[in-house]
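Chain lettering (A, B and C) follows the sequence in which the chains are written, and residue indices restart at 1 in each chain.
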Amino acid sequence: MLSTKWLQLAVLAVLIALLPLLFPSGYYYRIGALIFVNALAVTGLVILVGWAGQISLGHAGFAGIGAYACALAPEHLGLHPALAVLLGAGISAALAALIGRPILRLKGYYLGVATLGFGILVTMVLTNERVWTGGPDGMSVAELGLRDLLRDMGVRISGGVFWYWFCGLVLLIGAWFALNLYDSATGRALRALHGSEVAASTIGIDVPKLKLQAFVISAVYASVAGSLLALQNRFITPDVAGFMHSIEMVTMAVLGGVGSVFGAIFGAVILTLLPQVLTVFAEYEQLVLGAVMILVMIFLPRGLLPSIAARLKRKSS
Amino acid sequence: MKTTTTLTALTLALLASTAQAEIRLGASLSATGPAAFLGDPEAKTLEMLVEEMNANGGLNGEEIVLTLYDDGGDPNKARTFATRLIEDDGVVAIIGGSTTGTTMAIADLAEDEGIPFISLAGAVSIIDPVREFVFKTPHTDRMACEKIFTDMKAQGTTTIGMISGTDGFGASMQAQCKEVAGDYDITIAADETYGPADADMTPQLTNIANTDGIQAVLNPGFGQGPAVVTRNYAQLGIELPLYQSHGVASDGFIELAGAEAANGIRLPGTALLIADILPDDDVQKEVVTSYKAAFEEKTGQTVSTFGGYAHDAFALMTDAITRAGSDDPQAIRDALEATDGLVGTTGIYTFSETDHLGLDLSAFRMLEITDGGWSSVE
Amino acid sequence: MESLLQFLFSGLTVGAVYALVALGFTIISNASDVVNFAQGEFVMLGGMITVFAHEAGVPLALAAVLAILLTAAVGVALNKLAIEPARGAPVVSVIIITIGASILIRGASQLIFDKQLHRLPSFSGDAPIRIGGATLLPQSLWVIGGALVVFVALWLFFTRTLTGKAVLATANNRLAAQLVGINTRAIMTLSFALSAAIGALAGVLATPITLVSYDVGVALALKGFAAAMLGGMGNPKGALVGGLLLGLFEALTAGYISSQYKEAVAFIVILAVLFAMPQGLFGAKSTERV
């Protein structure tokens, strides 16, 4: 499809900038912001699952850490929410580095279960430590303050619109970083070890270190995404770290096309829009979601984006 | 030419006025997901009542259009749907938030945008501190604790054990009960918990039973947990009085727990559960009997207090809209706050500037399960 | 002392349910190397179908048999429509497929049944049996007994019957199995049917104790999976021991340490096992040919 990194980023930026022209109401800004947040988290997963070929069924745990960092740090440590985002990312990276080493020695289903266990443990801590985290009912999150800053500078925009642009910007940065990584030596090494870990190690690639890097980077992506969600919702509950959220993230990655950043974004678009589109048939939502997951995996195993791209290529040739 | 223009103008005017001749009500409920048996009866109740009211001429002569979304118990989705209701569907009022988590997500938005919002969730933090546009219909979990402790004190109980679910409802009520226990001279000597999907609580109950001096046991929770606790309680042969919470105030609980095991259990419930045995001069008798009959006929399920919360929210909202005489959100809110003595299934509501719950302890009835049915012990 | 005994009884009862779920995982894993995340839904279907059939007037025993047969059919459909077409797909894809199947079954159950909690009457009454100062429900004996019977039957099946050996052969090397004349398609169908039937049986036996609703499958699948991992994926003995151990860990933690983190124990144990002994207690150490 599109080959150069800058072309891809430009297309993304143009899409983000022009989409609001189609928005009939403020609600669409909210959907856009949610899609960007999800796409950010899933971009990280693409690095881990698509390029490095690992599995993570507990990645929402990192999103939960990022989200609760924004809730807890301002409340208990007096930290500004912007710094809390960095704190959350730092903790997620540290935790990923810590558990990544033993976990990434596992493969396949075992790796899946281990990451699953991690995600569930994070959820449990967030749920049970009521005194700190507000328990299952959640806690409120402080205001980021950027909108007030803008208002002081004379720019007044509503919350929904602000978050759309802010999340879009963060997504662009995240996409830029990921695309850079793809072309770099590290990125090529990651893709090599996806093909065969044994072969990669024979040509001198430090496989454990590389897998750990991918794990840590994807954890940071998830953490920042979680932070953004917390800051725009102004409220967070432990199920942001839950099993179903992890599954949602992996599904978005695989559905869209786990090999590319655009695939991640595509997957995020589909799964974020699905419940909104199906509201009339809310009773059938689970049924449809399950069916979509199965059918896409069987008939379009590389994901929707690559399959569509391949079809377009065939038509033009 | 002139006739066509006049005709077009008239048609447009007609269309415009019919477009305005409807009152848009929004709802975001947890009809699926872990809180489904809260949200499911709530959704069915709202749909039923809207249909009924529209069939009887509507509200202020206008049709009520209900936009109902299912947030599946997910606060993130609840907030998105609330945004959709306010910005895209243009609702003038919102009923919803089956759980505290979803309520908090919606409440922020409702408050910011100035849309009156009646919540169907239990936590006291929803209306304390009071927010201008946020109201709620269920008793707070704190009140449930107070009602139970009042009864315990009357029985001479001073030391109890607690076993609570770790879900939002159970954990919140557990915290509230621990806070107010001292006001009733009650000490909590054992404090156990269980997960909402757990199948066996005999270890926790054994620990409680082995703690010295325990005179009664309190189980804050909802769903399958309390039913399992009740069965385990009977299995272990614990003779101490068992108190449940209003989270299981439904006939379904007696069925799941088994009439034999549930015998003698006390819990704070609403008049809805004892509709059949209420004295004829009880103020709530008419409201609860007609709601119970309508709901059971429409859905084939037995009535539950959760559906009752939705019933009351709808009654309050439509009453406010009638008194406001318009569908301006601010006017509705003001009329809502001025509600005085509205008889609902949960109790009799009187709101004020400082009280957006509108109920006091008298609305709660202390009920006891006898012979597979409900009886009042007041 | 009686407390300990009570905790043990609790652990064995819950553990037996986990064991049955884990045994279901084992069969499919043995036949196809797939971990079926929809296993928990089979348990749910077993319970729900029995409940609704019973409420419609069918006698309990017949309703249970009906539930087991229908669930087996669902298992076969799952294999035919979702797993078979995805042969050779990467692990991530298969995980998504089985999780998608689990979501689909849950979504369908919401519509076909309802969202309420349901129960079945206990098979031999509710009068607790007193042993050494602790109590045990008769239904618990049914569940534990059921797990043991299934285990023995499976062990005999895999070691003594030709079909059972064919299943193991198919898992070991599909091509080789086909070359010696084994009908691998039929084997796969049989495995899924068997696994679903065992799951349904677990649902039928456990519902009088654990209650059932349309979404009980997820938690059960996770626990059963953890149990299978603990015991060694693919080994029926491992599944049985893993399930019972997991149940016991949970009960002892709830009794002696903290009821809040009793769930955590299960997953901490899993992580510990995966780090120290990835093949589980009874699994064989596997080597990978490069």
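To be clear about the criterion, a contact is a pair of C-beta atoms (placed from the backbone, for glycine too) under 8 Å apart; a residue touches a chain by one contact, two chains touch by 3 or more.
Computed from a predicted model, the values in this text were never measured in an experiment.
S.K.: When contacts are scored as defined above, which chain pair ends up with more C-beta pairs, A-C or B-C?
M.R.: A-C
S.K.: If every chain is reduced to the average of its C-alpha atoms, which one ends up farthest from chain A?
M.R.: Between chain A and every other chain, the largest centroid distance is to B.
S.K.: Rounded to the nearest whole Å, what is the centre-to-centre distance of chain B and chain C, using the mean of the C-alpha atoms as each centre?
M.R.: Computed value for the inter-centroid distance: 37 Å.
S.K.: Give, as an integer number of Å, the spacing between the C-alpha centres of chain C and chain A.
M.R.: It comes to 32 Å between the two C-alpha centres.
S.K.: Quick check: what residues of chain A touch more than one other chain, meaning two or more?
M.R.: 128, 283, 285-286
S.K.: Where does chain C touch two or more other chains at once, residue-wise?
M.R.: Residue numbers touching two or more other chains: 110, 260, 263.
S.K.: Listing for chain B: what residues touch at least two other chains?
M.R.: Those would be 31-32, 166.
S.K.: Using the touch rule from the top, collect the residues of chain B that touch chain A in their complex.
M.R.: 31-32, 69-70, 74-77, 79-81, 83-84, 86-88, 99-101, 104-105, 108, 112, 123, 125, 166-168, 171-172, 175
S.K.: Contact residues on chain C for chain A in the complex?
M.R.: The contact residues of chain C facing chain A are 35, 81-82, 85-86, 89-97, 99-108, 110-111, 218, 222, 225-226, 229, 233, 260-261, 263-264, 267-268, 270-271, 274-275, 278, 290.
S.K.: Touching residues of chain C toward chain B in the complex: what are they?
M.R.: Its residues touching chain B are 3, 6-7, 9-10, 13-14, 17, 110, 115-119, 126, 128, 135, 137, 206, 209-211, 213, 215-216, 219, 251-252, 254-255, 259-260, 262-263.
S.K.: Hey, which residues of chain B end up touching chain C in the complex?
M.R.: Listed in rising order, the residues are 31-34, 36-37, 40, 166, 192-195, 197, 199-200, 202-204, 206-207, 210, 223-224, 227-228, 231, 234-237, 252, 255-256, 258, 260-261, 301.
S.K.: So in the complex, which bits of chain A are touching chain C?
M.R.: Answer in residue numbers: 49, 55, 57, 102-103, 105-106, 108-110, 112-114, 116-118, 120-121, 124, 128, 196, 198, 243, 247, 250-251, 254-255, 258, 283-294, 297-298, 301.
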